[in-house]
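For reference, the structure discussed in these notes is given below.
Order as written gives the chain letters A, B, C, D, E and F; numbering starts at 1 within each chain.
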Amino acid sequence: MRILVVNVNTTAAITEAIGEQAAGAASPGTEIVALTPAFGAESVEGNYESYLAAIAVMETVRAYPEPFDAIIQAGYGEHGREGLQELFDVPVVDITEAAASTAQFLGRTYSVVTSLDRTVPLIEERLHVGGLSARCASVRASGMAVLDLERDPDAAVEAIAEQAARAVEDDRAEVICLGCGGMSGLAERVVERTGVPVVDGVTAAVTIAESLVRLGLSTSKVRTYAAPRPKRVLNWPPKLG
Amino acid sequence: MRILVVNVNTTAAITEAIGEQAAGAASPGTEIVALTPAFGAESVEGNYESYLAAIAVMETVRAYPEPFDAIIQAGYGEHGREGLQELFDVPVVDITEAAASTAQFLGRTYSVVTSLDRTVPLIEERLHVGGLSARCASVRASGMAVLDLERDPDAAVEAIAEQAARAVEDDRAEVICLGCGGMSGLAERVVERTGVPVVDGVTAAVTIAESLVRLGLSTSKVRTYAAPRPKRVLNWPPKLG
Amino acid sequence: MRILVVNVNTTAAITEAIGEQAAGAASPGTEIVALTPAFGAESVEGNYESYLAAIAVMETVRAYPEPFDAIIQAGYGEHGREGLQELFDVPVVDITEAAASTAQFLGRTYSVVTSLDRTVPLIEERLHVGGLSARCASVRASGMAVLDLERDPDAAVEAIAEQAARAVEDDRAEVICLGCGGMSGLAERVVERTGVPVVDGVTAAVTIAESLVRLGLSTSKVRTYAAPRPKRVLNWPPKLG
Amino acid sequence: MRILVVNVNTTAAITEAIGEQAAGAASPGTEIVALTPAFGAESVEGNYESYLAAIAVMETVRAYPEPFDAIIQAGYGEHGREGLQELFDVPVVDITEAAASTAQFLGRTYSVVTSLDRTVPLIEERLHVGGLSARCASVRASGMAVLDLERDPDAAVEAIAEQAARAVEDDRAEVICLGCGGMSGLAERVVERTGVPVVDGVTAAVTIAESLVRLGLSTSKVRTYAAPRPKRVLNWPPKLG
Amino acid sequence: MRILVVNVNTTAAITEAIGEQAAGAASPGTEIVALTPAFGAESVEGNYESYLAAIAVMETVRAYPEPFDAIIQAGYGEHGREGLQELFDVPVVDITEAAASTAQFLGRTYSVVTSLDRTVPLIEERLHVGGLSARCASVRASGMAVLDLERDPDAAVEAIAEQAARAVEDDRAEVICLGCGGMSGLAERVVERTGVPVVDGVTAAVTIAESLVRLGLSTSKVRTYAAPRPKRVLNWPPKLG
Amino acid sequence: MRILVVNVNTTAAITEAIGEQAAGAASPGTEIVALTPAFGAESVEGNYESYLAAIAVMETVRAYPEPFDAIIQAGYGEHGREGLQELFDVPVVDITEAAASTAQFLGRTYSVVTSLDRTVPLIEERLHVGGLSARCASVRASGMAVLDLERDPDAAVEAIAEQAARAVEDDRAEVICLGCGGMSGLAERVVERTGVPVVDGVTAAVTIAESLVRLGLSTSKVRTYAAPRPKRVLNWPPKLG
């Protein structure tokens, strides 16, 4: 089984980290292919960048030349999952939804801890679209930008653990979803600080994608995610480079 | 005052019709500039096309060389309004939200009648994001594709009036929002058939945009719609043609 | 176009202030007529006074001898808008709903800052009835009574600005609606303190009423707001004076 | 214990019927006093009439010269209960809320069957304000006006039983609340037709009012229902006759 | 009229206290029979114990040899009320729902103050199932275990009054429901501290059960609470002792 | 890895069918152990039987002598999952929640088709408790009792396929969850009839349980699902046989 894990930003180091994380959770026999979009922002922290990423992810998968069995969109709180479901027949898993869906099996409520305050609304909307808001205790921001997470992982881990602890104590969260990239030691530190299970979206998404493939299930094409109707599309996709 | 009214599809005839409709509702002294996106689908009827339109509309406005006072996104149930609000300082009005917001001043409940069944979920999501779902009685599809509306306006008017009548009788709607383009005689026919007020999104959006400008109000930049942070954006915007 | 702007209390000085505010927002050619109810409380700060105001406003408009094109009910969080919609054919705009509806075009969430704590529930109910609760972050009270606002405007402005700042910081509001009368400098002070757009209900209502008239739209009479059925009404309206 | 049961319309025959119904449900030692408002419509079937009734009921209770222990507002889906709670210290029970609250102890869901279609929204709003919507399966109209119920009780009973049966079968109601006056045999006929418990608002309200008095409980005066603040009220109450 | 009041734990002293409380609220002619389950935990503070109590209460009522007119399940936030409704024809009243339903007649919002933090979710779920969440301001825990309430009533009263005061001030509750056993002086102390009405579930349930019996109303058997279908039940009920 | 799959009824043939279905979905290296409760009803179709099953399942797992890695509660819409989470440290997966959670990755909305009408409310409550209601289009009953499904599978398949088709057409479901036992050919027939993905709760639960174990995740013990406090439990568990 081959699963495409598509980063939403154009920073190759992040794609690589995501790919390693995904591979670590994959079953024997599952090949993880991590892809970087051919255009877009070096980090995605707002609606404009997220809409751009949505389209970039779709075109990146469209350009992938080999067959594949499932797609994971590896951005937290991003636009675009519905478009992938229209364009392809294989299952599509968004990591925000994968994390929340997994968290719901572990505790009565969960919170998400993310990077910047401005991405909180994007995550809230994605959880709503996913039908996963009812048990969400809160979405909290650590105040660290995506690229800062890479630059100063120690400070990032501390800021995130602090917000996780407040989610458990003040917002009554019983599980924490990490809404940010794969820093080494992050999950361990949050578990240690809060005593609650910590869910990572990428690894959760890998197990869900594998499960759907094994069960022979894929996207319903009956209405919302039917393939686009044949029509003229002007000046698209763009010629890059 | 200059208001940009941006079509979401690349069919120039539709842009022209929208522009005329908008101009008809504008106050003396308001200049309406109707724009067609430089790339994208000839009609927008699903998530992939809508995400593509979202980005195309943003780039089209970015490329517009003159100053302007407000932006109207003239597509029903489309993605992208939040991105425009990040990129620009002037007010941004989505026609789906403009119609619903106006309808709420006219009756206790409203229904939207749109083109294809597959666009119903997109409209429902947009109304949710806009906080305008509570008084929405239903979103109904006429079964006519966007371009069919142009090709056989008589059949389209009949199919839309039929769904409007069912919304009033079965779903207890008290106002109808037209979720499709500017066919001549459409609103009149629906009023005649149902006896309830009929709201057109484009004209409603023009009056709202003018009002916001006159009141000196514009998008809050404090959190969700703050300008994108300065960063490297790879291979974008594309070179077209 | 003539728009009736009806105060809900019997304090003529407040009627005058509301009238000036409304006139300042009106288009050339719009005549604003500000009316004081013939009976009722000198300020409206609770359910009994608000129910009384509801009826007083309706009778006041009924007694107005000239033709008019729209009605604005200029009280924050008051009962009665639905009754006006039954009695008259022209559009009716409630300032609580006008402010919230306008705020939703400016930010993802809004808060209302009002006078006394006891009027908070009235405003919350009015927003619910208006279908405008989903994006309401909070309704906050400054603790100043309506007539105190007139007597000590400096203290009032400070108390209101303080609550507005807390709404933006603690409740994540991105827009502030002013749920209290027209003190000079209030909006400016709140903008200065919070950095977010500030919406005044009276001016917002004027632009909405004008827009509905220009678009040829009025109240749906199909069900909820149908004219009262002909019947015997005992001892009403009362003989005053 | 003395309980005031206040009709909302000015038809004395209806007041008398309500009073008899209430007396039939009262405990030994409870005196039921049925009151007709001194002004208002002969039947209440819409917002204008209901707002007028709200004020008329308040003034009627205010003018009652003897002490009393509780107030029942005996109109279905009417405005005003909150005002009574402000003006008086004794418990206030609205029959719409009494019926729904009682029905919730009898089945998982309930429906209300009322007179005219135009009163459905009023009942829905009252149930919302009362926090009693979650288990409401539907509010259905029989199409009979209030005074028609008096004039042709056989047809009324049949029309109401028909809607009750549809509520049970189509809307999955498990209890029926009768949202209309006390026709002889009505409850029996609906029980016979549907096989589900039938709740009458007036009798339910009597038992609730008695219970509150016996438990020594009354309206909370801490915020929403605090007594009106002392202030000047102009031209009110009116001089009648 | 005979009402069974069934404790959910196996501590006889608590059964006795509940029985006295119930008897104090009963009308002349009502016999209160307080029952202790034949198996289960000495206090119920979590899901396992509550599910066990649910079954124990049902079997305890099944084993009761005399006729009876109503059943009160006297545990706060416990499972099982729906099962009792299936097994018996007489009305069943849960004290959590009785308290909330009564509180809604007294103030716009209510809070529940209970024993341990871990029982908060159970109460929240029960209020949801009862359709009584909309006006619930909060469920707060005093941190005192059920048996501690018996052992150190003074400290318990203080801890509960403290949370009640915070509910009124911070959560805007206007009524307090006591979600814990009958300590002498508790209600008085909370009224004194907060100034709001305080509702006790057991006494509220007695008046509701009496009212349903007097009105001739009982559980709807049309769907959810129909009697169990005849079938083989293995090894149940167990032989005790 | 060993997963316990616990039937909720005492019919051994159903336990066997569930076990085979589970084994068919398990990864190599996963051992499925199917258990029948030691007491309870031969089929579970209502609240009393479901509460009894809840306790029976808990005691059955408690009595299981070997170590295990996860528990699946294999009944549709049953009580008890929260109790298992308190009693054990390993992950607990309810099949109702597993099916819905899986369906949400496949389509915008899903419907459940179950056996008898009386179990619909139980499934709706379980989906609510699981935070999985928002995308649930409907829960429909085929009218076939659980044991009838075994006796006349052809009629059962036809009745279920019919309701599935109506869910897709009338309720706009895009995925079907089968809320009833493992009849051969059922899923295939429903896919064939409706063209939408069909999710079986048992197989979905197996993949979720395996995923949680592989990811090293288990139930949060911080609040709702903390182990029961040490205390005296009277006469329990019962001596059977």
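Heads up, the rule we're going with is that a residue touches a chain if its C-beta (ideal position, glycine included) is under 8 Å from a C-beta of that chain, and two chains touch if they have at least 3 such contacts.
This is a predicted model, so every value here is computed, not measured.
Chemist: Can you give the rotation angle that fits subunit B onto its twin subunit C by Cα atoms, in degrees and rounded to the nearest 5?
Modeler: It works out to 180 degrees.
Chemist: Quick one: report the Å distance separating subunit B from subunit E, using the average Cα coordinate of each chain.
Modeler: So the centroids are 53 Å from each other.
Chemist: Return the distance between the CA-based centres of subunit C and subunit D, expressed in whole Å.
Modeler: So the centroids are 30 Å from each other.
Chemist: If I count partner chains per residue in subunit F, which residues reach a count of at least 2?
Modeler: 108, 121, 128, 223-225
Chemist: By the document's touch definition, which label belongs to this structure's chain graph: line, ring, star, complete, or other?
Modeler: Shape of the chain contacts: a ring, since each chain touches exactly two and the loop closes.
Chemist: Any idea which subunit A residues touch subunit B in the complex?
Modeler: 10, 38-43, 45-52, 54-55, 58, 79-80, 82-83, 85-87, 117-118, 121, 125, 128-129, 145, 223-226, 228-229, 231-236, 238-241
Chemist: Which stretch or stretches of subunit D touch subunit E in the complex?
Modeler: Checking each residue of subunit D against subunit E gives 25, 27, 91-93, 97, 101-102, 104-108, 128, 130-135, 168, 172, 174-175, 194-197, 199, 203-204, 207-208, 210-212, 214-215, 217-225.
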